[in-house]
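The first chain written gets the first letter, and so on, giving A, B, C and D; residue counts start at 1 in each chain.
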Amino acid sequence: MSLIEQYKDVRSNTENICKPLQTEDYVVQVAEFASPAKWQLAHSTWFFETFILIPYLPGYKLYNKDFPFLFNSYYNNAGDRVLRANRGNLTRPTVEEVYDYRQYVDNSMLMLLAQSKLPAELVAITQLGINHEQQHQELLLSDIKFMFGQNPLFPAYDSQTKLMNQEKNTSTGSLKISEGVYTIGYQGNGFCFDNELSVHKVYLHDFEIEKSLVTNGEYLEFMDAGGYEDFNLWLDEGWAWLKNNQISAPMYWHKIDGEWMHYTLKGLRKVEADHLLKHISFYEASAFAEWKGMRLPTEFEWEIASNQLHWGQRWEWTNSAYLPYPGFKKAAGAIGEYNGKFMINQMVLRGASIASSPNHSRSSYRNFFHPHTQWQFTGIRLAK
Amino acid sequence: MSLIEQYKDVRSNTENICKPLQTEDYVVQVAEFASPAKWQLAHSTWFFETFILIPYLPGYKLYNKDFPFLFNSYYNNAGDRVLRANRGNLTRPTVEEVYDYRQYVDNSMLMLLAQSKLPAELVAITQLGINHEQQHQELLLSDIKFMFGQNPLFPAYDSQTKLMNQEKNTSTGSLKISEGVYTIGYQGNGFCFDNELSVHKVYLHDFEIEKSLVTNGEYLEFMDAGGYEDFNLWLDEGWAWLKNNQISAPMYWHKIDGEWMHYTLKGLRKVEADHLLKHISFYEASAFAEWKGMRLPTEFEWEIASNQLHWGQRWEWTNSAYLPYPGFKKAAGAIGEYNGKFMINQMVLRGASIASSPNHSRSSYRNFFHPHTQWQFTGIRLAK
Amino acid sequence: MSLIEQYKDVRSNTENICKPLQTEDYVVQVAEFASPAKWQLAHSTWFFETFILIPYLPGYKLYNKDFPFLFNSYYNNAGDRVLRANRGNLTRPTVEEVYDYRQYVDNSMLMLLAQSKLPAELVAITQLGINHEQQHQELLLSDIKFMFGQNPLFPAYDSQTKLMNQEKNTSTGSLKISEGVYTIGYQGNGFCFDNELSVHKVYLHDFEIEKSLVTNGEYLEFMDAGGYEDFNLWLDEGWAWLKNNQISAPMYWHKIDGEWMHYTLKGLRKVEADHLLKHISFYEASAFAEWKGMRLPTEFEWEIASNQLHWGQRWEWTNSAYLPYPGFKKAAGAIGEYNGKFMINQMVLRGASIASSPNHSRSSYRNFFHPHTQWQFTGIRLAK
Amino acid sequence: MSLIEQYKDVRSNTENICKPLQTEDYVVQVAEFASPAKWQLAHSTWFFETFILIPYLPGYKLYNKDFPFLFNSYYNNAGDRVLRANRGNLTRPTVEEVYDYRQYVDNSMLMLLAQSKLPAELVAITQLGINHEQQHQELLLSDIKFMFGQNPLFPAYDSQTKLMNQEKNTSTGSLKISEGVYTIGYQGNGFCFDNELSVHKVYLHDFEIEKSLVTNGEYLEFMDAGGYEDFNLWLDEGWAWLKNNQISAPMYWHKIDGEWMHYTLKGLRKVEADHLLKHISFYEASAFAEWKGMRLPTEFEWEIASNQLHWGQRWEWTNSAYLPYPGFKKAAGAIGEYNGKFMINQMVLRGASIASSPNHSRSSYRNFFHPHTQWQFTGIRLAK
């Protein structure tokens, strides 16, 4: 696909994700970590406007001089911004106006990308903008799910969604990998994030990794065995998290009339034992592994094993902290704030999920969240 | 006006207040104290459904079995409810559905009220419901203003609103009242709240009360004289409030390019020196009075002087705590939670404001808020 | 007693209160509201140093130039100070050094007070300092009790203390007072606080007030009847306080092996049914009164009835907010911060307690605390 | 040294550290992370009582049945305990009684250890207890320093202490290490913690590491260059930490009359430019490295380079998260809570400090703290 086609494709995908929403659903911010859909539609647009149109399209006029303040996320270099926690307080601009903003920026972007001989730097930043918007597509889905999941009415996002078509394991057994020096990092010619570089060597010891992900049924055994009451299974901060937040089941699970139900994108459904577990924190993944007498793989083990695994339905917690690779270099300017500054207190997830955008997964991809995070489409793969 | 006319009148007034809103504006809760317009539209409807239709209209069917949980405010006797802070998280039911709910309940109410020979108890509770909805009309305006006032775009609520037509004093000088025994409380035959009773006597000492309210210009003198920096003028908890919240001007005031502007229902406007000050806390009112070498009147002084004063543009802070009158009796059941349980830690305001509903003011009316409250249309009248 | 005798008397009484303490017991601050004994010993000394020795004793030298910063409590006019919450972090100066400081200041004070012809202003401020130290004597006892009461070992303050010799009612029945105009405020020639003035008139309606205080046994009936579970009995903020702090009994009560015990100055003891209830908040007092179908008296009713009541064992919560009397004037300078600036959000208590200093009670005395306060020696007298 | 000599040695060292303290200094807890000296004296004793005397000394009688509750730190398997934040509220048992407790347990331990043929398990747990007490010796020093450092009087811990004799670098230049497979972990026959195992291989790329630690003078250059104001140098959570806590210099630094002073164990002293920087957080270390265009070493680089480096004056922050080594196994029972459960959200420090106990350092030693931690004797060594 050409760059211009990629651009059009990703922009329309974003809007398709929002199709099932009512106007009201675009506005609200239920938790600090979950941004309103309206904000995300505008923010991904602001990214193109700020980092591409302003520097590269001569004569470009800002759609609205207040929008940079409203829709900057965390780029200190790009100026002041609305506090993250206040994104949901803004009923204006309206949803309609945000769609107008998207249209306005798209028109300019398409004009710009239609030029022959695009400078390499412009191509690179456009690709970053496309990948950035793809990341927000997954956030849109997880944030919308979170918002509806807090509503006592449990409204369905889309009762016909195809995103839940693959919820079961397709392989069983485990894979053995022998110790030795392996190469890690993105080695292709396409796009990758700066955090996937530089390519480097690691020494891995013999390990075994499961071909299947943990299912709801297996996790229910852990729960029934008192997994949430046995502090010996938990990291100390995990146990504190569980106590402070009164956690006793994965996010979205509700015991109703003696039966476990969970909120899904299709609404409230029965928890199916053979479906893949989702929406668990690193702390829960770690406790479950401990209970099984196993462990989580490192991100390096995962990457080396990945070409022999079936993956892509759940983001898989690894026992690796999110830290720079040897030789990591962050980009100059505001774009340098993209990844590097988050390399503390977060754990790496590998793979992809049913909510990940098409054309947005790689075996070298490093996703990262704080260990208490549950609202992403996370799961568990065990190793030993 | 007949009861049925009153009902229709107040219900349509509520919807008129919401006319200038976009769908997005109905949903958001900017602070715990400020409820979304959608919630208020539904809550005042729930009041009629819960306390009138269910007990008095045979065969009445709930519009939606989940709504009582969603739209109960603070009536413990009426069952569980959504946490106050979460009212803004509910994008569903949609605004349209809430208007349907209003219509549904109105149809039933009109059917009920059209009956001849309404029991006295039903009339009483309907009158309470009407007055309750009038109270929410003022809250709608103050909450909407607060929401827009937090938006960096400062959108106008209604640039043509007539609510701001009377912003100046019409009298000057002061009024002297002689000491003696006076009678306090509601003595008419119409509706009043339980907190205005029983009628009782108080002894007042000689006092003098201003015929005018404090203006922006007078308050600017206080600010220019360092009023916000001199702890000797402030109550101890007022000083802590000011420091913790970095308060240095009334709510909605912004110094822009060296000039004091304030957010109003018409949008951002210049602060006019001869307009009546508004949106100040009791702490600010108290400090201002101290600076003037005067004091705030008690609620009893206010009530006795009121028939010789021009009032109704601002809620006037008094130096009386909100406590029961001698002989105060709260109603039985859930309605008993209306007023009595709030009689602690709040100060009484007397009068009414430009945002108060027509036909909803009395010289015996006791409004009450915590002393740090700023978002109501409050003002200052001095005494000595 | 002469002023110099009064001074010596009150200073030695303070040190007598501390006799049962170990060095360790002087240092710790268990809660922000409860100051360490060491701090109180020094602070009451600082009061004399700052407001008397510095202005009135020519050539007086500060004991230590850092002490004003360490031992100022809340007098903004007297300069910066250690944050209240940090008073317990100061292990130095040592206890011994603080006693040296007391000795040093006492020597200077005695020299000053021995002069003939003391200026009236000096006498007045010395009397205030003496009364101030008496207030801290009661705080010492309540703060020490609170500290020991948090210790799982429940150490006795003094197993032989005579403070607990009078724990029962000596009268029963009720007293009726007729409506009319009454005079309120301190009318004697001795010392009183500014908040007891000016003398003024109030109109009281017919009321009845109990001659006895509520006993543990009566309160246990309230508890057994589900008083802590019935929200209809509680003020709204009282109910929130109870829920947030998981309150289900008076402070210091523990159910051990099925029996109610409470921590006392003599250590852990059985709760005696016929002893006077103590350590309850205004919220608890108010709920109990509601349950009884009665109410708390106002401070004016209390004052008028007081000469026919037996009082002095418990601080009695009234249903009056702590507000200025008509004609209240605060003193000039730092001393003006003594009372007036606290006249918001607090309720008046009348009477005195077993922990009050001898010669420190008057029927016009206005004690005041926030309504959630429990650690003072508070109790309940009902009215209707 | 025999085990019994080691035991006696470490026990008396602990008490020597406390020699300069006054009784008051033993009691207070200034912050949740810093335990009172009294608590630490008792807690390290409780460890021997709980894990050795009770299981291994027949007929041993608890010194006091309440002490396990008071002096357990974080061992869930060893029963309930006082909340960490409340350790400073306990004035009883007194300091003297805690020394009696130490004596009592020492007597029993010496009796037990004097037996011939000690079971291997007993030897192992005794060695762990000794190392545990050594860790508390360093905590004693850092916690005492923190307590005195918060006191406006800045009392010296010991103005003659020899701990500050070595404050300068003794080497300069850098060390180059070539890429390849290296062996990591404790390979000796003596004691090591479980987290130093198992011995395993890592692949290191070419790197260079400084022979010297960063000095105050070098850090002052960073400060003077605006290092605390340039968000581009900081990790995102580091920048938030700095803003929320208003950090603009290392812990204990105060600018007094235009000169940088810092609180030290000898009291307030001038910051010497050629002394080694101390008391900085990982966030500060990371920002400084960024400003220098360098980075922090990984813990593996550090371990491999360590035998060619001079180290031991500062705990050196590495850019490695505290995670289990391949093959890590935690011990059974309560002892298993020693290290493993903390393997999240913390960064590894390598080396030792001037406050570390003699005979308590190894090149394989893994110390760990949260990245905002400043109160330990931390420093910076750069790599690239």
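Quick note on the criterion: a contact is a pair of C-beta atoms (placed from the backbone, for glycine too) under 8 Å apart; a residue touches a chain by one contact, two chains touch by 3 or more.
Computed from a predicted model, the values in this text were never measured in an experiment.
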item: Both-way neighbours, i.e. chains that touch chain C and touch chain B; value: none
item: Relative to chain C, chain with the most remote C-alpha centre; value: A
item: Euclidean distance of C-alpha centroids - chain B vs chain D, Å; value: 57
item: Between chain D and chain C, distance of the C-alpha-averaged centres to the nearest whole Å; value: 45
item: Chain B residues counted as touching two or more neighbouring chains; value: none
item: Interchain pairs in contact, sorted by label; value: A-B, A-D, B-C, C-D
item: Interface residues, chain A side, partner chain B - complex; value: 22-28, 30, 38, 66, 69-70, 82, 86, 88-95, 147-148, 150-153, 155
item: Contacting residues of chain D [partner chain A, same complex]; value: 74, 76-77, 179, 181, 200-203, 205, 231-232, 234-239, 282-283, 286, 295, 319-321, 323-324, 326-327, 336-337, 341-345, 347, 371
